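Look at the two complexes coming up: chain A is in both, with chain B in one and chain C in the other.
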Partner chain A sequence: MKTESYTVIGKSVPRVDMPDKAFGRTKYTNDVTIPGVLHAKLHTSTRAHAVIKSINLAKAWEVPGVRAILTGDAFPFPVGPMLADRPPLAVNKVRYCGEPIAVVVADNIHQAKKAATLIDVEYEDLPVVNSPAEAMKSNAQLIHENLSNYKVQVKGVYPTPNTNIANLTKIRKGNMQTGWEASDITIESRVSFTPADHAALETRCARVEILSNGRVMVYSSTQGPFYVRKLLSEFFHIDAGMISVQTPLVGGAFGGKGTVQLEFIAYLASRAVGGKMVKIENSREEDLIMSPVHIGLDASVKLGATKDGKLKAAEIKFLFDSGAYSDTGAGISKAAASDCTGPYAIENVHCDSYCVYTNHPYATSFRGFGHPELTFAVEKAMDKLAARLQVDPFELRLLNAIGPGDTTPTQVNLNASNIGDVSSCLTKIRNLIGWNPNKNVQTTRDGKIRTKGISCFWKTSSTPPNATAGAVLTFNTDGSINLNCAAVELGQGTKTVLGQILAEKLKMDTKDIHVTLEVNTQYDPHQWKTVASSTTMIAGRAVLAAAEDAIKQLKNVGSTVLKSSPEDLDIAKGRIFLKDSPEYGVKITDVAVGYKYPNGNTVGGLVVGNGSYNVRHLTPLDPETGFGKPGPQWGVGAQAVEVEYNPKDYTYKIVKAATVLDAGKVINPQAAIGQMRGGMYLGLSWATRESFTFDDKGIVLNPQLRTYDILRASETPEYLVDFVETPLVDGPYGARGMGEYGVIGMAGALANSLSAACAADLNQLPLTPELIWKLVEGKGDVQ
Partner chain B sequence: MIQNMQAGQLISLAINDQVKEAYVRNSDTLLYTLREQFGLVGAKPGCNNGDCGSCTVLVDGIPINSCHILSVEAVGHKITTIEGLTDSTIQQAFIGNWAIQCGYCTPGYILNIYALIQTYPDADDAMINEWLESNICRCTGYQEIKEAVKNTLIARKINE
Partner chain C sequence: MIPIDFEYYRPSTIIKAVQLYQDLTGNQKQTIFYGGGTEIISRARMNEISPNAVIDLKNIPECNVLKKDTETITIGATVSLTQIADSAVFPLLTNVARSIAFRTARNKITIGGNLTGDIIYREALLPFLLTESEAVIAGREGTRQVVISGNGIKLNEGEFIVQLVTNNKFAQYRHINHKTTKQSKVNYPIVSIASILVDDQIRVAFSGVCAYPFRLNQIEEALNDVTNSPGKRIQAAIDLLPAPILHDAQASSEYREFVLKQALQQLLDNFEGVS
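Presenting the complex of A and B:
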């Protein structure tokens, strides 16, 4: 570790966005009032699957102030990030409860709401597909009759015509027969859960205005301003340069703001009123089910191992419940296939990972992108295997931990850099949680049962092969630097971390770095999205490159001033100086905006540092074997949960939750701990109580925060966090990803802990006392 | 019917030690009026249903979901929003304890906790938890928020 030699990296530099947030001064997308802005409100479907027989707008038009009402025929073409399968407003039929059917544009929000409620839609119900297992049946009702006509937007998405399969990713590694023959013991495990939600506190919202020269101005709460621009450009045939997307700080996202939905509708609405600015904002109820949700899963895992516990074969089937449309569900099913085994070395792997249409609200990325979901399935299976083998679940994981020299399911060769250290994470989590196989189940004096459960996880970022970021540095006359970069601040602290990377490189104080918090596609360099725990790596490398560029320019001008060669110069603390005589130098202030000699002559212009970074060597996966490289590196970790279970009423309390992450390099420890705690919280909230409840007609019964339950302050455990630092050679100062990882293993660790406590196979989520009661009492499949 | 919905009146509200006038619809919530008429956007519309606490303001020192009170009902009461909270101890505690990530829940939490500290300076863990229950933070996992509250209470006692 070179920790000691860093001055800014590894320090808990206070987050730059905190003071304004604490004083209520931060302006989010919808915190501006604009005179003359028109308000849009949606009319959404009350049915999960139905033909739209008629839409009566007459009463809605009677409401004063209504300027436009749009229905599906305003743009009857499917859009979507990976497979274009979703019209912005329903055309001919609805496929989920909450689907937008019409949008009203009015002078004020009250008029728009009133008119939207007065729209009368006549439906003719169709059979409802209420689970991915139902959707896969050979005689299943088709949700998309014209699947074969849909345009594949991203290479590597494989829909199956005349089925409900939006994507199938296959993994074929090694030889399954060999694997089963080498196995003394096999176990099978099945888990399932229905969709849930991100429930970011700021609901999704957007404004669009079309200027008279055709320029499209978009203001959106999004994780991907450039992605919004890309999709608007592609689907509405607008030159990308004519679209400007602006995003201020975002009030939580968790993956739910990584796709494009309201922006399409706001654009169509603005176009319908002559380009005037139109604003659309989700109510909480709309945000929960009309906008995309957290994906559901039905997974089967079969593992084979020797009697010593060495894994030899894994056969895995994922049925992802992507709901009515595929959105990024196709990518999630691919990402889950890529990492389907969890962080274990297995030579023979067979995986079919399906993205399946149902009549549920449609899914998009959720923090972890398929990994919290697959990890629940795999970690449940690992504990089952440990029980069959009668070995310590910890030792089983340690024995099979993947590492350098092994290959991933998609046959990427792992080395000392591109994967973190699973074994070290496991060893540390053992100490952190106090794991002792002989004392993991303890009965308290009042008859409660205390147990511990562990899980292991890994994740690579399934970025597109051309995922990129850029950074631009400009200098102020006081020698301070402006850092412009299109990474979006979602609360994760990315702007602070990028500032630290720049400060370290230029050997400056972070107070002299001014990071622009807002993003504007018109003057920030392109960035793919702020997702996939990839920003520190991709944008961080862009910042380093921009710093190198600025240093080169500063040294060039400095060498003239100091009458030396640029190679003999160094930069630190706002000065350019001779390496061998640091007292002989010049201030950056005097150089960065042109050096002025005493007689007034000036040399050098403005120093503007530019840099960019693009992920390297990524490929789509082979459609038959999955062979390919999905991401640049694998972050790994281990987690544990301790619960206190009450066998009398099946309730439980989460006592402790622990994470050890191989961070590569922790750039900001306090921010990193916050990310891990917040990740654990989100994972535990999901695993303990979050899910949508559907009736047999596919209607969501709990589309509000009163009934969609979320873990609150009194119910949270003591959080324990530690890190391992195995440097990623390509990462800035060795850093790997961080943002998503805290979520990934929580459901698995909790389910393993509770399963030990109640001696039942808790194979569904959320783990409510009612579910535990049913499974303990053998009441069968409660779904 | 539609016309009745629009019926309104001119009201004066005492907000952050200032008297502010606005013509409001009878059905306008205090949250709507604060944000749309006065630009006091620190109160956030997280659910408009009283479930998340993001719109919390103080009405006569008591934390109230401003989505759950009509503007006309607020007449004659003393309203404090995050913009008017001049004692910045709790804000500094939030910053110092890293109790802020996306920041959307922060104003509501800070006003809620400010009221807790004013009302119950001896609050124990159970009471702190009970008060924190009314708000949702989706980012932090709550530990830093709890630490901010506890550290503020401790600091007050030391200063007394």
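Presenting the complex of A and C:
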């Protein structure tokens, strides 16, 4: 095997966005003060499901400074990324508590807010659908009466008219009868949890201005500037070239900023005031429930295995609680179906994955896109199976680990490149957490119980089949390079990693790479979105292609200057030189903007490197069997959690959390470790305390941070992180994605650890002491 | 962001504050007294209250006292919970104050605000209930001094708390406090109890159990009845609760009762295990 000798790849290069963040100098979307900007504020629904009988705007209009008030009739057409089912402002009825009903535009924000509070809405309550199980009942109240009229925006979304089903993805692999017959043992498991939130530090914000020539200027805290442009263009019939979207750094997103909501409203608001710039900024309370949330789930898993523990059959049903509108929920339910078994080789698989409407706030992508959710269900079931078989949960996972030669639930053939090494991740996590099946439950001197739990995960990226990214390189007169690409920096370190990929390819110092942090759709090349752990792959490949393009141009001009053929040249450390005589060369500085001979003659023009990358060979899934290729490769890993549980009061402390990820190639070790820690934090916060509580009318009882609990820094465990490196053949330097992975297995590992400690089946989230008390003491049916 | 306009006053004497209130309400202005503002700001942001005027008490010298002399501990109403948490004048109150909210919020929350706010927990009240403390209250009729008992301090229209006065002998008694939340340490209490041992008799006050904080003699009598087993005493105490156990998004009433029993057991173990 070739020995790698990278100079930049694999080094912990400091993040380019870090100094400004550390000093508080970073300017986010809402940190810019613009003279004359008008302010928009929403009036939102206080009901979860009701007909709007009337809206009285009279008092609101009396507030000084009010320029416009818009209600649903300003644009009574549904929008949405996959299935157009959501009017930007409610039309005729409201479907969740917090839904925007009207928007006020005023000179000052306090005027807009005051007027918004004076809007008087008369409701007529409708029966509330408060869970996906309720929504699936044959006589359930319909949330969308006209489901059959909604336009499907993305191939592969199958709503069922006259039901609350926004999408159904079916997986039919192998033969279930064969599978059950080959199984000596079967277990069934059911888990559920209500929606939660992303709770990113930066609340969502958008500004829109329509210039006199018709150009629409959008400034937004989004993970998808080009996606905002696409949706505004599609739904408002504006030429894409007439829309410019700008995004500076984003202050945390976790999937919640990958969709479009405020931008639609800000556009309508600006249009209503003659195109003047209008800003809409979420308060924390609005950001929690008015804007889209983290999806809920009710999942049933039935597994069959031989007495030796070999999995033979899996029958899985997912009811995703997408809330009032489908948004990307229709994609999440599909992604979960594609990977429904977790990283285990099973020949016979039957899965029905539903995206279900309820009267909860609507869901969008959350870091992991269905995988933290499905993994909680599958990993709980795996531990249940291990208990029934009386085998070590670790050995059960190792025995069934999927790998090259196996097929996924959608029947993709796996090979040594397109899937990471599950077994190696498992073996490594065993050592990292100190797994010992005989000592995994220990009682401390003060009567507490220390236990460990593990989980195993995989994920492919579920990008659209044409997900793309581009990169443009320009050269400065000092020989340094500007890297422009539309990957959004949201704290994940993408701009640093892309700079490293470029520096390695050009054999340069990273200090000579200037990565543009902000994104502007008018001069950056197109990128789908910064989501799905896909940026290192798609933008990284685009950067490599742009570097090759620049190298070719530099060598062409260099060959003239050096009187050689381009093939005989190499580039490193800012020079173009002869491979066999490196002392003969020319500085890139002297070539990149055209080489000037002593007499003034100049050859070559500006070197501008262009590159792009498109995911390839992805297909929609067959509607009956799920057959198809949902993503380019499967990232895999294993996680573990150690807890100290107090059986007297059912409280617990998380002592350690560990992740081993197959990264393909770790490009920046410190950044990668940070990503895993951040992922574990998010997963543990969700699993231990984050969720919305609803009353029986579907009203959110904790719509503010006083009552919506988030894991505090002082409550975080010791984090352990390690990596396996199984190269992805076509990944940049072998790298796989890693952005989402740290979060995926945390809920499963924590629940397995705590279930072992309290000897009860902890099948709900969040894992609060009250829940444990209830399940241990058998206080009523908790489903 | 608070969308409403309101008048803001910051008088420097008790008399001016009382007079301002009379004048403002006389002019039909809905007026409230202002300590740290954490509740007023949060609730006004969410359109839950919309006062026409606020009277900030923080410039009144008597309201800023924090001292201990040979006889008494005196705490001004606008002293912040952080100041109390960092001070040793009243150890039980120090501990209780530290368990309320988080430091950044405690920097703003005043003791007077916590005792008289709309929030149902008002945990800072518990140490005062246990120590027969008195509140100095200012109003139109001048100042009056009342013993803090039962469910707390009842203010008449236009009155505000100036100071809390506690006999400093209580600073020496053994005391414990215990707070259980839904999950994080920083949260509203499911059960918060504070207790001191006075002449071998347990005194205990509760927050989070019912819809208001309280201390009840009968409950203490039941808990101190050593002729009964601890289990029976605890059950008797629970049977004597003055109102239904809270049942809300923080906890079910059943779980609250379980937590309360545990807290009382711990209390008995702690005081009686040693004595």
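General observations
Simple rule for what comes next: the second predicted complex is superposed on the first by the 777 of 783 C-alpha atoms of A that agree within 3 Å, B and C clash if a C-alpha of one lies under 4 Å from a C-alpha of the other, contacts with A are read in each partner's own complex, and residues count from 1 in each chain.
Please note the rule applied: a contact is a pair of C-beta atoms (placed from the backbone, for glycine too) under 8 Å apart; a residue touches a chain by one contact, two chains touch by 3 or more.
Remember, predicted model here, so these are calculated numbers, not experimental data.
Shared-chain residue A:200: touches chain B; no touch with chain C.
Once the two complexes are overlaid on the shared chain, A:693 sits against chain C while remaining clear of chain B. Shared-chain residue A:709: touches chain C; no touch with chain B.
Of the two partner chains placed by the overlay, only chain C lies in contact with A:117; chain B stays clear of it.
Comparing chain C and chain B on the residues of chain A they touch gives the larger count to B. Within the superposed three-chain model, A:774 lies in touch with chain C and out of touch with chain B [touch as defined at top].
Of the two partner chains, chain B is the only one that A:249 touches; chain C does not reach it.
Once the two complexes are laid over each other on the shared chain, residue contacts for A:701 go to chain C alone; chain B is not touched. Common to the chain B-facing and chain C-facing surfaces of chain A are residues 110, 114, 283, 704, 706, 712, 714.
Put simply, chain A touches chain C in their complex at residues 109-111, 113-114, 117, 283, 285, 648-649, 688-689, 693, 701-702, 704, 706-707, 709, 711-712, 714-715, 766, 768-770, 773-774, 779.
Residue ranges on chain B touching chain A, taken from their complex, read 2, 5-6, 25, 35-36, 39, 41-42, 44-52, 54, 81-83, 88, 91-92, 94-95, 98, 100-107, 110, 129-130, 132-133, 135-146. The part of chain C that touches chain A in the complex is made up of residues 1-4, 42, 45-47, 180, 182-188, 248-252, 254-255, 258-259, 262.
In the complex of the two chains, the chain A residues touching chain B come out as 14-15, 17-28, 30-33, 63-64, 110, 114, 199-203, 249-254, 283-284, 490-493, 670-671, 674, 677-682, 704-706, 710, 712-714, 716, 719.
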